[in-house]
Structures are given as structure tokens and as C-alpha cells.
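The chains carry the letters A, B, C and D, assigned in the order they are written, with residues numbered from 1 in each.
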Amino acid sequence: MIRAGIIGATGYAGGELVRILTGHKDVKVVWYGSRSYIDKRYADVYQNMFRIVDARCMDDNMEELAEQADVIFTATPQGFCASMMTEEILGKTKIIDLSADYRIKDVKVYEEWYGITHKSPQFIEEAVYGLCEVNREEIKKARLVANPGCYTTCSILTAYPLAKEGLIDMNTLIVDAKSGTSGAGRGAKVPNIYCEVNENIKAYAVASHRHTPEIEEQLGYAAKEEVVVNFTPHLIPMNRGILATEYASLKEKVTYDEVKAVYDKYYKDESFIRVLEEGVCPETKWVEGSNYVDINFKIDPRTNRIIMMGAIDNLVKGAAGQAVQNMNLLFGLPEEEGLRMVPMFP
Amino acid sequence: MIRAGIIGATGYAGGELVRILTGHKDVKVVWYGSRSYIDKRYADVYQNMFRIVDARCMDDNMEELAEQADVIFTATPQGFCASMMTEEILGKTKIIDLSADYRIKDVKVYEEWYGITHKSPQFIEEAVYGLCEVNREEIKKARLVANPGCYTTCSILTAYPLAKEGLIDMNTLIVDAKSGTSGAGRGAKVPNIYCEVNENIKAYAVASHRHTPEIEEQLGYAAKEEVVVNFTPHLIPMNRGILATEYASLKEKVTYDEVKAVYDKYYKDESFIRVLEEGVCPETKWVEGSNYVDINFKIDPRTNRIIMMGAIDNLVKGAAGQAVQNMNLLFGLPEEEGLRMVPMFP
Amino acid sequence: MIRAGIIGATGYAGGELVRILTGHKDVKVVWYGSRSYIDKRYADVYQNMFRIVDARCMDDNMEELAEQADVIFTATPQGFCASMMTEEILGKTKIIDLSADYRIKDVKVYEEWYGITHKSPQFIEEAVYGLCEVNREEIKKARLVANPGCYTTCSILTAYPLAKEGLIDMNTLIVDAKSGTSGAGRGAKVPNIYCEVNENIKAYAVASHRHTPEIEEQLGYAAKEEVVVNFTPHLIPMNRGILATEYASLKEKVTYDEVKAVYDKYYKDESFIRVLEEGVCPETKWVEGSNYVDINFKIDPRTNRIIMMGAIDNLVKGAAGQAVQNMNLLFGLPEEEGLRMVPMFP
Amino acid sequence: MIRAGIIGATGYAGGELVRILTGHKDVKVVWYGSRSYIDKRYADVYQNMFRIVDARCMDDNMEELAEQADVIFTATPQGFCASMMTEEILGKTKIIDLSADYRIKDVKVYEEWYGITHKSPQFIEEAVYGLCEVNREEIKKARLVANPGCYTTCSILTAYPLAKEGLIDMNTLIVDAKSGTSGAGRGAKVPNIYCEVNENIKAYAVASHRHTPEIEEQLGYAAKEEVVVNFTPHLIPMNRGILATEYASLKEKVTYDEVKAVYDKYYKDESFIRVLEEGVCPETKWVEGSNYVDINFKIDPRTNRIIMMGAIDNLVKGAAGQAVQNMNLLFGLPEEEGLRMVPMFP
């Protein structure tokens, strides 16, 4: 049994980790870290876990946890993981960091967009960006995995094959993304309360959202050029789900079949990526509760643009599910282990 | 492998059966029956099943299906199962009927509340009412299981121990129930469309809902007296979940601990019934996607009444989950097999 | 022009007062009191008021406000209004208190249910309970109006004619109420955030909600006997609306027409109470945004009970609308002035 | 009093017309046309109108109606209005057509996108496109007003000043729009039922939505060049509201103040257009129930694009409200008459 510790177990991503790991036959959760609820029973914080999880919440002592766990998931605010990381910890246990601390290779870019000083830049180089379908082999050998953001997972995977194969003009890429409200976390703030979100939609962090440089860096690797995009997130009155609608100019005329072949080249053997059939638009509800990414596209000959669409469950493939997928890779387990949840509809 | 057939596989309860059976290690679905979608691929009707279910929809030929399946689930409109049932079919396969056809022992009561003539009353006597926690041993030996209704499962289990032990005056029992909209089915009717349900609540079928006699019959067995109740269902703007709030006068003064002991007497070893801790009110969200029933109660000394509350996922414990639980009993499998889904939150 | 001041203008009830008074041709709001947002522009707190309300938020100095306003609405937490009230203030201006401070005549009952000491019990006697349809004439002469609670308005009006005419056994009255989430206020607490409320339903404050004694007192006056009820509120995933489902045993056999005649006796000339046609169940959506109360009932001969149903918009008839209706009575205006909003559907 | 007739009074746009006209002091609705509900009381179809509207539904005989009404609103499926229009009708009454029949000047474009043959192309030239803020003077003199579509109203007004003043490269314009579900109408279809829409988001009609040529034509007039855009609508789980997020490359470097000045040039005296303050993103909830358009923008120097955002209530400014605004213009009334509804929040 893999002994897993979670720091930040009482946020929504942490809760989803507990849900998934509880159903994972090779894992035992040994530490439910939650600074806000120390000593409180976990099931009192998440009543769905009543009679399923018996443990109490612990503090966030990563050094002590490193002794007890084979892998630590940090589902914590930006800066926390970087502030705790030491060579000693990495020598004892694997780290899967769900925050942004090790996602961006250029520490200046990180510090600029996040507005904080990175406390352990010496580990950035070694960290592997945990987008499983892209970096599978590197992840297997890693000590420290930077689990991608929810918007970024969806945004990158939706465009990745076309960027990689040079079908689209990267200067024209626009990502218009829509997210359910669990992405805003479990913090009690007026903009998150029910009556403010319900029956409402808005864009936010326009031209300034922190997931922008992460998208740019990764698609830049794929396209082998510097990429600058417009990324606009929107808040949607639903619990879970991200839909990314992406626009780009085609470099030359292509047919549906040609584009489909490019997607298939990269994704047809992927367990968790479903390129839908022609004409079917992805819907977040069809992936809810699962680790799937549903993708499709439409060529518009009138504008010579391609419209790409991708849908994920932000808490699963966008956070906890991908983290477990990374864990499976790290420990040589089948990549799908514990992640075979069928999407729940309705 | 148990070969399972589903008639009515494209309704919401049928879809949930597919979801659950897909994750059940001892079952293979051999027949996706759907009169409305014959020959259409199942995954085209439920896109969440894309690349998970490859089959096409079949007709509802129960005779043919009886040859191929070890168990048939009928998630069909009232009257269908009764109209198809024969001794020959029952000789070849087990039947778990999710409709009301065999739930009510008195065929006159059935015909009165449902307004249809029962086509095979000769099987009513033999049918076992599939409320697993109450009729476990009878179910194990059955050929024909009448899977309980969603409202009834929740309403009965919430009051059952107190009825059985004679703590409450059955003449005073009132069940005020609230259900998510998946209970109304996937039929396209104006009252079910989004804008009519959203931001709205209403009672319906007041003093006339068909689940009433089912509740009365079963609680009558428990209380060993004739029971007549007020049952009022309400439609709630959410996909899944039933909450039953039940009121009854206490026959004599009792303490919290005494009532708790009665609940524990019946439920403490049940895998799927969670009697919550004192003061915690059940919430439908805490059981969503799972087979749990969450129950609690509050004694009001001012009125000498007890208020009982129960929550289920109407598509799981209220339909497909309980049907699979019944199947597990019929085939001698662990009762929890395929049903260990952790409730999904949020 | 009536000069109106609002203390607590940035809560949801306060916001609704602003919305309604903005459309009232005889009123000018002169004071937008909000302790939390002093000096902030009101339209920055409620962006819907951009270019409609130009004012900045003020403090809650009732003495000063009493000099400037002909009427003060206090949409404030329990205890505030009582702590500020003086004979001097009442000598200068009318007060419509949307809190519970003056609703309950027996100060001990108030202090017990609310857990606070009443700071100005000397004004309780004089205060008029502002349920317009019941106390119209007293309200016209009042200086201090205790605006009823949202649950209570709905619960009382739904049963009032039957209590008054002695048709129902008051000892059997049970009120099962369901409310949208705006009733929980604009406070940022985890239980109010979107993902906790959405796709969920729960009862709360079972057998202990503070609106209970208010219902009991008022229905007691109507029935001319002491009344003790079970009142159970539930939180519903919608913004606005309360539905009360009420159960009581009939004292003797009555027909639909007899009961209808009793409702008509009290309500047929009321502008804001609509007793629906036979068989139509009230839905909260049909009154949304308006001051209407929709009521209907169903007699169940099987149990000899009557099920009464009432629906309101909790922020209008349950708070701000009724407050304006009271203001109209206080100032001799047509009772419907400023309140002719047609319910918005969908 | 203006006598108004409505054809299609029982759709959502028709219902909203009734709501608005009921509150309009200069209008009397004389005809509630509804082919589906002939002879049924209007308030039985829309229970919110109980005791407010007494009339029964009529057929759709426009010739007869033209005798009785000063203005006819046609809130009917595409093709209906065109099929009924005659010189005689136009000689007797004004027509405000909420369908697309007269919106597009090039009948071939109409026939191609809508897939129907236009039955009265002879009136297309004379029809005035009823976007009040753009075509005010022409509307005043019209007999036949083509009321704009919901998506188009929002999409055009959001970009109009920048197109008109040549600030943006029209070849780069992308409109990503999100709409509440009332836009899908009151038809009973599976994709519209509650459980299919709730907790879900999807794009639809990608690169093929019928509002595309309407946007292109109108922005083409503004920019004085042929315009081809990508327009992608999305379905959102809420009743009302459209948010358009629009992207375009700036022709040259501009500052916030310069762009703001351009918006102000066209909109600062408009009653129903609110250009928000810097940094405030439009939210559909802030305009709900009102005729407002809330607009703002953000310049992204990294990509040299401008992101424009606009929010409306699709049933008000996107349909019935704008129709009434057009009526006010046609009859020389103050443009705001009957349209001063304050947005309802929450």
C-alpha cells in the first residue's frame, strides 16, 4: 500500500483527493492535513465522509509527514509548498504539488504573475510539469511533480496537437474559458455566496489571470515558439466543470479529416482523452465526476479559423484526478487505477 | 459473470443502472433495451458513456432477453413489466422490476391509485418487496423483486424503526418530501423544462401521489396496524436527491438516547444507512451519487412530536443502486459489491 | 414626497427596499445606512443601482436620521432597533422595523428565543404587528410598526382564515416551510457559499427556529387560544421564494366550497393575496419579484386533514414589499402604491 | 391609450411583453395571440398573471388584429410574420416583428441561414432595424420595425462605437456569447429539460448560428466595410441573461481614456446603456429584469487586443424591452416609458 499524505485536505481539491484515494485499492491516506481544522474529525468538515473516513485533521508539518508518507499531495495556497520544500523532504518522499509553485520554469514570470517571492527556486528546474498525456515519461522518474492548473489542463490539451503539428497560427490563439464555482474554493467571501453566483455570469481577471503564463509556456514548448495568448475566465452557476472555447487562425486550408487525424495521432490511445465524433460539442456534464477530457473542433471556412472546445471536471482532471494519475505514474501503477469513475449524469 | 439485461435503459434510472453496473466487477450488461432508441448507439443517447459503452439500443423483448440474461432490470413505465411477465420468463431469469407493478400486494389498491388494470396479478403474491434492509432474507430467495419507489425508500426507512417499535402514533404520521427533478424522468414536457423548474418550488399530487399506498402498506407491516398517511411531494430545482421530513406524535415521553437506541437496533450494522450524530441534519448533497441513506431526528418536547429526516440520492438508493443491492442479494454476492461509491461533494 | 431613511441598506432586504422605493412615486430615499460600507457609493455595493442611485452609504445614527426622515426602515440584526429606540425618535419620525425586536408582545418569549436582552421593552406594547391584511386599521395609527418575518408572513396568511373561523384543530398544525437562500442574508459564511447550497436541500433549526413563537402568537390571536406548532424551515437552492406547506386536522367534515368561502371571506378584496383556483398548487416562481401571496389548499378525506400551501417572495411580501405596504398605510397612500410589480417569469 | 396586439403571447418573449406592457401607462393589450392555447385563459398559461390579465388567448389572425390594434408585436417563429405581411396590414397598424424576418437586407443571406423562403421580400427594404440606440431617427418614421435578436443586440452594442470609429481590426473580431436558457424558448425538447441544462455548459451552433449574419451586417454598416466574424453561443444554466465577450485587435495603441471617450461619445446620453467604471466587469445579474446594457472593456497590451464585454437580459433588452422601446419611438412617447424597471438583485 502506498501511504499518502494530503496537505490542504479540507479544500475542495483536497476533498476530491480524499474521495478518489478512498476508492483507490493501492493507497492508504495516512494524513489529512488542514491548518484550519486541526484535531477536528475530517467527516465533520465533509459530512459525505461520515463512516468512511474516521481520521482527524492534522497540521501541515511536511517534515514529519515525509517520514510517514510515500507521497505527499499539497493542495495548498500558492507559496506554501515552495516555502516548505527541502532536499531532505524530497529525499524521503514524492511530492505532487497542486499549487502553482513549480509549474513555471522562469521564476521571474512566476513572481510577477503571483506577486510573491519564490522560496525554493532551486527545485523548479527538477520539477516535472504533471500534464500526464504530454510528459508521461518524465513524470515517471520525477521526485517533484507540478500538477497543472484546472484552466490550463483544459486549455492546453484542447489545442496541444494543433500547436505541436503547426496547424494554427499561435499569435491568434484566444482561450475563452468557463468554470464552475468550485474552482473559486471553499473560502467564505461575498462574491462566492449562493445568491451572488446563482443566475449570473461574469468574466473576471480579464487579461490578467494567473493561469495565462502557464498556458503560454506549455503551448510554447509544443509550438516551439514563444506564445502569447488572451485567456479570459468566466464564472458559471454550477458546481463543477470547465469548458474552454478556443479560437485560432489556420495556417493553411485543412479538412475535418486532416485535423481529426492530428488529434488522433496524439490522443487515440489515451485513456482519459475522448475526441468526440464530428459535430458533437463537448458538455461539462458528460465528464462530471470523471477524469475525462472531452474535445472537439469545428473549422470555419468563412473566417479561416478553427474553433476548438474542451471540457473537464475541474476537480478531477483539473486537480485531484490528474494528481492521482501522476501518482500512478510515479509508482508504476496502471495509469487508470482508481480513476475509472464513469461520468455521472444527470 | 452475471449477464444483466436492462429494459428502459435510456431513462434516468436506466442510465444510472448502466453507470453502476459498468463499475460492478461481477456483471456484464448484455442488453440495453430502449423502445425509443432502437438501433441507436447507447453512447449517442448518453454521451457520458462515449468509449465506455459500445452497444446499440435493443427492443424490449423480454422473452428473448430471458434467454440471454441471468437477471433483467425493468426500468419501465407502470404496467409494462406486468404485461410481459410469464411463468416461462421467471423460470429462466431473475426479474428486478423498478416500476410499481409488483410493489403493492392488494391489486385493487394498485389499480385504483395507478388507474390501470394489472395484467399478471398471479405473480404479485410471490414478488418480494425489495427494500433490502427490511426484507433481506426473503429477497435472497426471490425470483421477482419489486424494487421500491424513490420517495417510498426514503420515507419508509426514515420512520421504520419507530414504527416497528411502536414509539410513534401512526395516525399522526405526515411525510413532507422534496425531490430533485431527475425523479420526473427524461420526458420532454413543459413543466420539466429548465426555466419552469429553476428558481422555483411547488408541491404536486397533494394527497394523491401514487407512492402513498406503498408507504402505507410497508409501514403498516412494521407497525402491525393499518396506516394512513399524508404524503406531500415537492419539486426542487436540483438534479438529484430526496429529503423526507416526517412528523409524528410520540406515544410517550422518550429521550434522545432511547430513540437513538431504537434506530441503532435496526441500522447500526447496515452498510448503507447512516444515522447521523445528534444535531446534524441530513443534506441530500452528502449522499449524492452514493447508495447511502442519511437519517436523523429531533424530539420536540413542546409539541410532543418527533421530526424525522432522511436523505437519499433518488437515482441510486431510490432506484438503480437499490436494484443492484437487490441483485447482489439474489446472486449471493457481498451486498455492497459495485455500490461503494463515495458521495461526491460538491 | 415622503423622505425615507434605511438603516441596513446593504443587506438583501435593504437592497430590495431601495429597489422598491426607487420606483415609488411618493418617496425619496434620503439615507442609505450601512455600517459596513460607510462612505462607499451605494452603487459600488449593488452594481444594479449604477446610475440609478448616486448616494454614498451613511452610518446608522438614528437620532440624526430622525431629523431628516419622515419614516425610517430598520433592516438590521436583531437587537439593533431596540437598542436605539427612544421616545424622542418616535416623536419625530415613523419607524418600520424589519427585525424581530417588536414583533413579540411577551418580552420573555423574545428574550428566550433570541437569546438577547431587550433594550427598550417599554415600546413593545405600542408597536403594531405589521401584517397588513390582518392589522390594517391599527397600522394606520401606529408610530412603530413591527414588520413580520418572511416565514411568518407566509405561514400565518396561509392558515389565518381557517384559524380565525375555527375550522382546524390548532393542536395539530404543522408548518413545513422551504426558503430560497436570500433569506440567509449576504453574510459570507461557508454554509452560504454557492457550492454548499447548490444541488442540495436540508432542514435546519428544527423545532427551534425563531419564527416559531411569532407564528404561534399571531395564530393564537386568530384562534383565540394558545397555539403551539411545529415549524420546520428548509434551505432551497434558489435565490428567492418561500413555500409553506401546512397540515392540520379538520374539526369537522367540510367541503371544498366551504373552505373556499372562508378564504374568500377574508381575502377576496385583498390586492396582494391570490387564492388560486381549485387544484392549482402555488409555486414561488409565480410570485417572484412581486408582493403577492399565492394560497391554495387540498382536503384529504382519507386522513381528515387539510393541506394548505402558500407562496411568497421572501424579499418582497416577506420583507421590503410588506414594509412599503405598511408605509403606505402609515401615510394614507393607496396600499398598492409602488407595489404593482408584475411577477417576473421565468 | 395605444392598443397593442401580441401574436405569440405565450412564448417567453411574448410573456415578457405582457409583463412590460401591463406596467406601461399608455398601453392596453387588446389581443393575446397564441395558436397553441386558443380560448384558454392567458393566466392559466402564465399563472403569474392570475388576477392581472383576464383575457383568453386568441388566434393569430393579423388581418383582423390590424383593425383593432395600433401596433402589433409578432413574437413568432421565423417565417410567420413574413408570410402574413400585406400592404393592407401595414396601412392600418404598426408592426414590431421580434422574429428575424425583416432584419437582414439581403434576402439571399436570410434564406441561406434560415433555410426558408422569404414570403414577402418586398417589405424588407422598408423595414427598419430596431436597434434603438443606432437607428433612433429611422425607427420613429417606420411602419415596420425588425426588432433585433437577443445575441445580436448584445454583440453589436458592445462593439459598435469601436467599429464605428475604426479602432479595431474588424477581421479579427470574435464574439464568444453566453446565454441563459429562456433564449431556447418554451418548447418541450429533451435538450431543454432541467436535468440536461442544469450543472452543464456547452457551445452550440458553432460557426453556424443564425445571428451571425445579423451581427455582420450591422457592424458592417458601422465599420463601413464587409465584416465576417466568429460568433459562438453557449448555453448557461440560468434563466435570463446574455454575456458577450468580444475580442479584436487594436489598429493602433490606444489608452483606456481614449477608448472610454469613444464609448462615451456614443453612449453617455443613452438611458439604457451603462458603460461601467474602469475594472468592473459586467454581470448579467446586475441587469436582470431591466432594459439595461452594461458594457466594459479591457485593453491587453501583451496581445494588442481589446476585450469587450456586454451584458443584457435577453428577454428585456434582447427582446420585449427593446420592442417596447421601439414602440415608444414609433408613437412619440418618452423612450423610457414603461421601461424604468430597476434590475432585480439577487
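Heads up, the rule we're going with is that a residue touches a chain if its C-beta (ideal position, glycine included) is under 8 Å from a C-beta of that chain, and two chains touch if they have at least 3 such contacts.
A quick note: this is a predicted structure, and the numbers were derived from the prediction, not measured.
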Q: Would you kindly say which chain has the C-alpha centre located farthest from the C-alpha centre of subunit D?
A: B
Q | Copies subunit A and subunit D - rotation angle from C-alpha fit, nearest 5 degrees | A | 180
Q.
As a quick test, compute the distance in whole Å between the mean CA positions of subunit A and subunit D.
A. 38
Q: Go ahead and note the Å separation of the Cα centroids belonging to subunit A and subunit C.
A: 46
Q | Distance between the centres, which are taken as Cα means, of subunit D and subunit C, whole angstrom | A | 37
Q: Spell out, as numbers or ranges, the residues of subunit D touching 2 or more other chains.
A: 12, 182, 195-196, 198-199, 237-240, 283, 285, 288, 346
**Q.** Of all residues in subunit D, those that touch subunit C in their complex
**A.** 12, 15, 19, 22-23, 46-52, 182, 199, 239-240, 274, 276, 280, 283, 285-290, 294, 340-346
Q: Note which residues of subunit A are touching subunit C in the complex, please.
A: 12, 181-182, 184, 186-190, 192-199, 237-239
Q. What part of subunit A is in contact with subunit D in the complex they form?
A. 172, 174, 176, 178, 180, 195-196, 198-204, 206-207, 228-230, 232, 234, 236-241, 243, 245, 247, 281-285, 288, 298-300, 302-303, 305, 307, 309, 311, 346
